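In what follows, subunit A forms one complex with subunit B and a second complex with subunit C.
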Partner chain A sequence: MTAVTSSDPLVSLAQTRTRGRVRRISVAGGLAIAVVVVFALSLVVGAAVISLPDVLSTLAGQGSRNTNYVILELRLPRAVAGVLVGVAFGLSGAVFQNLLRNPLASPDVIGISTGASAAAVLGIVGLGLSGLAISGFALSGAVLTALAMYAIAWRNGVSGYRLILVGIGLNALLLSVISYFMTSAQVTNAQDALLWISGSLSGRNWNQVVPLLVSLVVLVPITMVLGRVLGMLGLGDDTARGLGVPVGRVRLGLIVAAVMLAGVATAATGPIAFIALLAGPIGRGLAKDGSPALLPSALVGALIVLVADFVAQHAPFLPNLPVGVLTGAIGAPYLLWQLARTNSGGQGG
Partner chain B sequence: MTAVADPTPATGGTRRRVPVPGKVLGLVLAAAAVVVVSVASVMVGAKPIPVGTVLDAFLSFDPSNNDHLFVRVERMPRTVIGLLAGAALGLAGTIMQAIARNPLADPGILGVNAGAALFIVMGINFFGLTALTGYVWFGFVGAAVASVLVYGVSSFGREGATPIKLALAGAAANAAFVSLTTGVLLTSTDAFEQFRFWQVGSLAGRNWDVVVSVLPFIGVGIVIALFSGGLLNTLTLGEDLAKALGQNVNRARIVSGLAVVLLCGAATAAVGPIAFVGLAVPQVARMVTGPDNRWLLPYSFLLAPILVVGADVLGRIIARPGEVQVGILTAAIGAPIFIALVRGRKVAEL
Partner chain C sequence: MTAVDALAATDSSDGHTPTRHTLAAKGLRLSYDKKEIVHGIDLELPPGKVTMIIGPNGCGKSTTLRGLARLLDPSGGQVLLDGKDITTIPNREVAQVLGILPQHPVAPDGITVTDLVSRGRYPHQGWFRKWNAEDDEAVAQALTVTNTAELARRPVGSLSGGQRQRVWIAMALAQRTDLLLLDEPTTFLDLANQVELLDLLTDLNRRSGTTIAIVLHDLNLACRYADHLVCMKAGDIVAEGTPREIVTADIVSAVFGMRCDVLVDPVSDTPMIVPIGRHHTNTPRDSESTS
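Moving on, here comes the complex of A and B:
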């Protein structure tokens, strides 16, 4: 940053700013291109390879009966679901990590996703439900957990630190509920539940994708707009208040948005593991400017899910695994490599 | 090590600091509570055994008396394992929170338990591991691999292992290990059937063989941990200040990290990956002691076994003649207490 040796401080400031903007745009652009490429690949590759021109003409409404079915009913909803949940989890994790100023504070650690899982496991193992009913259970589980967390942590306002501690307490409680059901159930039932908890994109159709899409069309812009002040909240509540940020209301708004993002995504595909935890640090590491990096985090989330699902479906030596098993195996090594490579650490979080 | 006059950072949020005699009294009370839950753990179960018989089993052991045998062969080792595992997890959690300077750091979230779990699952699946005593070595290697990976990755670069890099590397390693473990479990119903009970965390069926196989590791780990309070205090001051005071920061991290490997590897192998103890007990202890690790460590050392053995006793009472696994109850009992404490007063930050 200080390599600029211009004698005029204003010129050097302007140069630094331009460089920052160029970097932001190139990071977001690069990630977006990567997402589009993997998205296209996942439409092309499958049991039968369909060429890219054929895919495009099918999307334009001129496909054969065969390609219409394979692309529009099988591969497209699955790929779209992958992008959407990736964006939702990535954004949700980045918001929580920035808001609570702790790189470990993702919705999977502070109990939101665990609430969804506990409700879903209750539905699967306890009540024998399946399908959309499980999604409803999962969403209510996430929302109820968040409400409980906020209500318990409330004492003349909510401090981030207390919210985290209450969150990990609730998380432990909910995990013990899951463990109880997992050990008291029949082994096959429990394995079904394990499959759901791992998160899966297989067999997603428009019934799950459309509600998810509609929710994200509302939630993502709200989060992005509110997220503009996350950097100021990071300076501490008092400073942010001094800068004119209505701290309490903005924080509540961001929490609601992040909880809903995690909730609708979990309802659609199960709590695909670790995206929320990994996407934020990777996004911030790429942006390298100390900003909350919401957009890069969302794109990283989408990229991890798409790549993991691609590998899960097409890797020749692996059994057909749910995507949630691979997100950790794909995202984590990258984050480790990024950490090992960072020379000026400390900005990573 | 104690040349630093008062390494207690002044940033702690506690308004009311407990004076030293109060802290000593607290330790004595905690030790008494450990004795009480241990005695209860030997007496309570599917077949209750009165105090007199328990004492006889110690003082005038009669090998033909079934109750005496039961106390010595089944209840005693179970209780000892509970005490050892509790102490190990409480100390390991305290150390990790100090090294990473993060209240969310614990062997569960930072991948050490997950490393142990992965190696044990591979042992079950690929080497036909069935005996708990065999778990120890796999768990131990797994915990060591995880710790070396996390520490190695975060110490690359000019600044070395900063707390934030440690936390992130730990979380990433945890993600990778859990993914691999789930992958193995989803492809093998047999391994899953065996693993799901171990994974929850249980003291059932632990005999003297298990005690003997983990005791050396946990014993050495406890000694290192209890003496590392001064070192950890310098770490919580922050790297620059610690260096300015003439402390070797890396040595402090490596010595205490070694204790974590010994404690977590052995405890995880013996009772399964119980996560909540290492996370919550140091927080509760910190409310009494403030951030001084020289007090925090002995408090965690005594409070954690109370939670683990107490939960095990309760698990045998509420589901008699069966039992509820200790891993479920440590969280089910501990979490509400923890939440109430967190809510009830101003929390002492690290």
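Moving on, here comes the complex of A and C:
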């Protein structure tokens, strides 16, 4: 920071604020542009490469029968699902990690998304449900898992680390529940099984995207508004309460919102691994100002999902993988690194 | 001109200006996990004065301060802000007149000094209120007064202990409250920084008439800086008054279980407690007060 600063503290303050605002806008803007670029790429590239002008005219309603099918029925819902799910998981992860003050406290690590998935599988395989009912089941699954985790981890209050351990255990349990449902229902379509275990965008159409969009239209603004106060909670409960923050209510509201975000996203695409885990730290790293960085985290989440899905579909040396396998490949080493770092830092408990 | 500046401009000759808000405890009982720590105390913070709360480890002084700051709900009795039960006043309104700096405050990773101090304006802002000139002025003044303006762009985590504590004080100052409570603000600071901090708080009190209450573990600094001293033991208040009135060798021995001599501090003319241990005493002497 070598810019000339006035010795007048008020002017210097105004400069600092402007600088912060500029940085926030550039980070968010840069990420948004990146998302748009990859989004456009995923509409253009495929088995049949459709040029960008053709894509745009199809979106405007002027496409041929072929491009209409490929763009409007196949690629667009898939790409939109990718963005929405990335935003939802990214926000959910960032909120959880900030509230519990631990980068490991991510809904995908501690079993919230897996719980949503198990409930969705129960709905599909056990009860033959579809559409909105699946979303409802997934949501309930996420909420029930969160409640169960809290209840099991409670011993005169809940310590963050105990919650994470219980969550990891529940995650493993719920994965086996999903596998059980798969085998007992004789799901022979491997894609279906993979969808609910590691998350996939393949075959996602407007039936999944529309309920997701509707849920996010409600949940995202609520989360962002509550998120304005998330930074205050980072000062510690006592200081926050001393500044007039309704700590208990805000925390409850944020947890509920974050759990629901993970739930509705899982309902659409299955629990795409590690988006929630990765988006928060990357978002915070880009923002670099100690804030919870919810908007950058949401955009980073969308970007990771879109890029991973693009690579998973079109990389020359890979078979057509579900996106969750790819994000798992990036996320798992990161998780191991985080775990090792936490332990060596003495926070292993 | 803000209210606080107006207040400062009407300084009377002894530097004490009338404050508008009062904080008191009546029959206050505070408990942790069903164990009662504070047993029904009555305490009024004298408006416009610096009150220090002292006592041995575990006597309940920090608990009392947290109770006064409504961070802890009473298990009995009341905390009265301007004569009204503080639990009936909306939290944000309380935060506009009462500031608390707790022990071990936490700063998020990477937050800058300016951002942290700016958080102090939250009670005056609400969910959607934007930054206005008064907010900026409060933050700028807080940075100037605590000599942290040159640190404004640095991350709080990169500062020394003394600097960091001054930044936390700046955040409390930016809140511009009439009442300010501080829980052991000088722990982990070296002597020079301790004195500097207490001088800063005295400035605030003399300039703006802010009522200040501090839990302090250093007895001699407490005797020097307090207008009003509150001495606690095992959840009760055992003595209250000016340091000259209440600090005697007998009281110190009864409360702290320590033999001592009480002399007159040659620098400030306030009581100075000189502990008598088992070693390094010149002649065996009884603990008679020499004030």
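We adopt the following convention: the second predicted complex is superposed on the first by the 251 of 349 C-alpha atoms of A that agree within 3 Å, B and C clash if a C-alpha of one lies under 4 Å from a C-alpha of the other, contacts with A are read in each partner's own complex, and residues count from 1 in each chain.
Rule of thumb we're sticking to: a residue touches a chain if its C-beta (ideal position, glycine included) is under 8 Å from a C-beta of that chain, and two chains touch if they have at least 3 such contacts.
Just so we're clear, the structure is a prediction, and the values are computed from it rather than from any experiment.
Shared-chain residue A:Met182: touches subunit B; no touch with subunit C.
With both structures placed on the common chain, the touch criterion links A:Gly160 to neither subunit B nor subunit C. By the touch criterion defined above, A:Val325 reaches subunit B but does not reach subunit C. More residues of subunit A are in touch with B than with the other of subunit B and subunit C.
In the superposition on chain A, contact of A:Pro211 is made with neither subunit B nor subunit C. Once the two complexes are laid over each other on the shared chain, residue contacts for A:Ser12 go to subunit C alone; subunit B is not touched.
Applying the stated contact rule after C-alpha superposition, one finds that A:Phe274 touches subunit B and leaves subunit C untouched. In the three-chain superposition model, subunit A touches subunit B and subunit C at no common residue. Across the complex, subunit C meets subunit A through its residues 33, 66, 69-71, 91-96, 98-102, 104-112, 114-115, 119-120, 122-123, 127, 131, 136-137, 139-141, 143-144, 149, 152-153, 155-156, 175. Contacts from subunit B toward subunit A in the complex involve residues 102-105, 109, 149, 152-154, 156-159, 162, 164-165, 167-169, 171-173, 175-176, 178-180, 182-183, 185-187, 189, 192-193, 196-197, 199-200, 275-276, 279-280, 283, 324-325, 327-332, 334-336, 338-339, 342-343, 347, 349. Interface residues of subunit A facing subunit C in the complex, by the touch rule stated above, are 1, 9-10, 12-14, 16-17, 20, 156, 225, 228-229, 231-232, 234-236, 238-239, 241-246, 284, 288-291. Note for the complex: subunit A touches subunit B at residues 102-105, 109, 152-153, 155, 161-162, 164-166, 168-170, 172-173, 175-176, 179-180, 182-183, 187-188, 190-191, 194-195, 198, 273-274, 277-278, 281, 319, 321-322, 324-329, 331-333, 335-336, 339-346, 348-349.
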